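Have a look at this one before I ask anything.
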Amino acid sequence: MSYRYAYLGPRGTFTETAVRELAQGAEPEALPCGSIQATLDAVRSGRAELGVVPIESSVEGAVTATLDELAIGTELVICAEVLIPVEFALLTRPGTSLGDIRRVGGHPVAQPQCRNWLAANLPHARWLPAASNSDAARQVAEGGLDAALAGAFAADLYGLVPLAAAVHDRDDAVTRFVAVRLPGELPGRSGADKTSVVAFLMDDHPGALMDILGQFAFRGVNLTRIESRPTGDGIGRYRFFIDCEGHVAQARVGEALMGLRRVCSAVRFLGSYPQAVTAAADGAGTAAADAQADRQQDKSDAEYIEAADWLARIRSGQV
Amino acid sequence: MSYRYAYLGPRGTFTETAVRELAQGAEPEALPCGSIQATLDAVRSGRAELGVVPIESSVEGAVTATLDELAIGTELVICAEVLIPVEFALLTRPGTSLGDIRRVGGHPVAQPQCRNWLAANLPHARWLPAASNSDAARQVAEGGLDAALAGAFAADLYGLVPLAAAVHDRDDAVTRFVAVRLPGELPGRSGADKTSVVAFLMDDHPGALMDILGQFAFRGVNLTRIESRPTGDGIGRYRFFIDCEGHVAQARVGEALMGLRRVCSAVRFLGSYPQAVTAAADGAGTAAADAQADRQQDKSDAEYIEAADWLARIRSGQV
Amino acid sequence: MSYRYAYLGPRGTFTETAVRELAQGAEPEALPCGSIQATLDAVRSGRAELGVVPIESSVEGAVTATLDELAIGTELVICAEVLIPVEFALLTRPGTSLGDIRRVGGHPVAQPQCRNWLAANLPHARWLPAASNSDAARQVAEGGLDAALAGAFAADLYGLVPLAAAVHDRDDAVTRFVAVRLPGELPGRSGADKTSVVAFLMDDHPGALMDILGQFAFRGVNLTRIESRPTGDGIGRYRFFIDCEGHVAQARVGEALMGLRRVCSAVRFLGSYPQAVTAAADGAGTAAADAQADRQQDKSDAEYIEAADWLARIRSGQV
Amino acid sequence: MSYRYAYLGPRGTFTETAVRELAQGAEPEALPCGSIQATLDAVRSGRAELGVVPIESSVEGAVTATLDELAIGTELVICAEVLIPVEFALLTRPGTSLGDIRRVGGHPVAQPQCRNWLAANLPHARWLPAASNSDAARQVAEGGLDAALAGAFAADLYGLVPLAAAVHDRDDAVTRFVAVRLPGELPGRSGADKTSVVAFLMDDHPGALMDILGQFAFRGVNLTRIESRPTGDGIGRYRFFIDCEGHVAQARVGEALMGLRRVCSAVRFLGSYPQAVTAAADGAGTAAADAQADRQQDKSDAEYIEAADWLARIRSGQV
């Protein structure tokens, strides 16, 4: 079965690569959107079953527009994530040489990722931010820019050539993309899952954040990420985006979320979904690792089930 | 309906007073036993429905024989507790004066509770421990002792008189007694209950005790007592007797006990039962206090039920 | 004495307003810089004593470039902070009406803060990001844009007029700016201070973040903010920017920082400085509030000094 | 140099064995006292430099009289501890056989430690508690008892013989004894030390005990024992005897104690002293173990010293 994907376009961006990766070989029907908000709204309105947006870069950090959009408005849940290596090329019109380049553009987050290369190779070129890397490539094709920082895969799309490859400063830069959809049946447990929520603090007493983290720590649930974002109600008021290991269908995670719910003024569930692994880690050993993770999750649940049985016996007076 | 009570005898002890208090006006059939172990065994074997033993003194601390007996052997559960003020009199044969007293006896814990009075009034008398205060009174009647420290109510039983009343050093000494029975239907929630367990640590890592206490603290369950006792397996190996506020039928307490079960190698449930109040506190305001405690327990459960409903909705994909 | 201030320029931005606020009536010598990095480098190289940059918006959240710059490279410390209300006007050339506006520009963070107004009033105008609001105003003056989102104070600078005032969606939007300088003598205790650090986790065991937060919570030090930023070493690796109440010269805060240092692989100190208050809070009651905060800090230190004296006596054998 | 030891007498008790062990080959001048209180008072009054009393049994638990005496009155500190295996023999007059024994005595704690042996071998003998095992032996010599439970070493003292050896139910029973003295120069760090304190809770809020334990846990200090004792002010009011690993001269331990002091209404220091090891553990590997423990304590201190230096640099403005 094939889904219709909305994604943060235009064509020729890393997000489009994420869509292909998530579709796993199927030829997805893909709908490029002009903004993160527009992408998510396409899912909310039913024009697409899935929406694909970046949520975090290993270099730039949180994609705050994605976080903020997920925290408010009609609820969406994450059903998959994928890690895409971010490798920039310098795209130009055929025949351009480095010495010809006066104006170079790309998405605002592209510039800091290639800062050193630009300083060494194009010290005098002016940087002009564009709505996306692909949009910068389009501007190069149309003559508004001399060069664009973009994925090499975008060259063909606009009749450009990669004048230089791998112009990014760090070799291991990765962006994490998520696929979201309307709430419905949850993805099943894969054996190595992740669960995401947004937590709104009840008040601001000393140790308030400890109380939240303790709900996970005292149940042995590992946090993989915590990200604070302003609520908009003034400096010092935040909501917290929390990713933890495990699936909400697991007893351990479910109980931690219930605890969170009780100590917070509100909690929004953002989904349980299979944890993405980096290409490097995703080799021959993966099946074994998955099996181990699965056993571990099962063991974890067995403990909870045993404790629940024990409590039921006590409550019924059997001790 | 009237129960048969086994209790730590002989007649004329504070434990007998506790039995009367627990029977609340009914004329209980009461079976005095020679030791705490014998009292509990009378319940285990069915010779009595209830067993009444001291568990804690506000002056002497834990009654370790009671704790140890409850932690091992056939399981019993606490179904009630009562606080009895401990007021000692000096009982003698009629006609005895202070100057005549050479040998004074009582239960070993009586002596430290009357230490100052003895030092001031009987500095030269020899202290002779007896199996119980009542047994000391019997020895006085038979001439083996000259005086006994015991409750004034024991005088009549042995034909003695209280030569001096209120010979205890502290006015507010209290002993807590519990009634135990075989496991079965739990006492209902009274609105102000207490739950008791024995926890056996899984291992001895730094912070092991924190992990245990955190199960209560992170769920807002208040501890009223923690008492360590050796397991018998060498110095440094303990089990912990824990009393907390609330009833195992409450969500908050039940979840804390399940958490405890998961982080401990073993947990023995010792009962949920109405919390005793001291005479001083048990005045006109009690009905109101009970109602308030009840509402608080209800509110506490409401939060848990709401969180469980929320989780169920999430798991079923409704967000 | 007057300082030379470097600031995130150009002239006519909110940062320039922050400089004037920080200079408190003095006419500061101010050096506009082209980027946050350039502003901080001006301080590092000695061309300015102080650098002023935005660090956090109540709407947009962390200014990540500032955080990242402070975490790496030559060390700088924050010596002051100020909160500036962010109020946008729509600046145009004289004679322009709403119907004339096809292209509207501003700093990328300006657009989301005025999203609703733009949707309602300029639904068909194209958004063009600029290097700063002031730069957008310059483009309007030069004819490259039709309107700019900027502070009303920028109008005069470029011969523009505010066609509409208060076009921001939220009335209470505030940006927090900090003044940084080279390390040196710390600002004295003001009675209501804040301390900032960057903490690098030692490893990623479950509860690692709890261990960090516990260093503050168990010493009664209140956190005002925690912000995670990627280390650049891949998804899942973060450093944490932590703001807490109090001054590093206080025992409580000093001890918390030492604890942090021991449980982290590295900690960078970012300064102790007087806590900014919002205009609303900064009224008649402030002197009283300051005095109270001061007494509280003193009391807090008194406890630490007393405990240290006690320990010294114990160690010297005086008990 | 040789000290004068007060100890819980009379001669022929396990406490006397502890004195010999603590004197390490020297022939100590030893003063038997009639009670734990009398033993400690002999030190308080200067009649002895050291007082030796039992503090904990691996079978019977805390020796509450010792704990309570150390918590109140003139302060004393523990300067050494020793673990003594508790092995009971049945002492009789020469010529007595098991069938002759009608009355058997000993210290009250001896009976439960030999309960099974007595039930199997002397089911019909009456148990008569004595002030000490040695006192029971004396009564046997004088004809008041037929047999005494006591250490085999007490036989000679009273002209008795061990009719049966090893009559205790558990082979590994151990009693921990401590030597106390007036406060003064602390014992130096041995590389494997223990520190003891008494903590009085400030109030009874939920989590109060967590706050205390956290002072140790968040600084990586391992607790070896926690023992609650009533304050005497009514059921539900306790003080806590805490033993932790390490020496008060160590930074880690000193800081934990200061933290304890700040969160408690009062803390009494009971000493830092070399940790006793059981005979079984005290073999060839000990020197190596000691060296390792020493390095560990040094490393631990090195971290604290480094952190303190770092803080000093920050406070002086050097970052």
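The first chain written gets the first letter, and so on, giving A, B, C and D; residue counts start at 1 in each chain.
The definition used in the following text is that a contact is a pair of C-beta atoms (placed from the backbone, for glycine too) under 8 Å apart; a residue touches a chain by one contact, two chains touch by 3 or more.
Note that this is a predicted model, so its numbers are computed, not measured.
J.: Keeping to the contact definition above, tell me which chains border both chain C and chain D.
T.: Expected: no chain.
J.: Please compute the C-alpha centroid of chain B, do the same for chain C, then give the distance between them in whole Å.
T.: One centre to the other, that is 59 Å.
J.: When the centre of a chain is set as the mean of its C-alpha atoms, what distance in Å lies between chain B and chain D?
T.: Spacing between the chain centres: roughly 27 Å.
J.: Among all residues of chain B, which ones touch two or more of the remaining chains?
T.: 214
J.: Among line, ring, star, complete and other, which best matches the way these chains touch?
T.: If you draw each chain as a dot and join those that touch, you get a single closed ring.
J.: Name the touching chain pairs, would you?
T.: Inter-chain contacts occur between A-B, A-C, B-D, C-D.
J.: Of all residues in chain C, which touch chain D in the complex?
T.: Listed in rising order, the residues of chain C that touch chain D are 75, 77, 183-186, 211, 214-215, 218-219, 248-249, 254-255, 257-259, 261-262, 267, 269, 303-304, 306-308, 310-311, 314-315, 317-319.
J.: Can you check the complex and tell me which residues of chain D touch chain B?
T.: For this pair, the touching residues of chain D are 56-61, 64-65, 83, 108, 112, 129, 170, 172-174, 176, 206-207, 209-210, 213-214, 217, 220-230, 232-238, 278.
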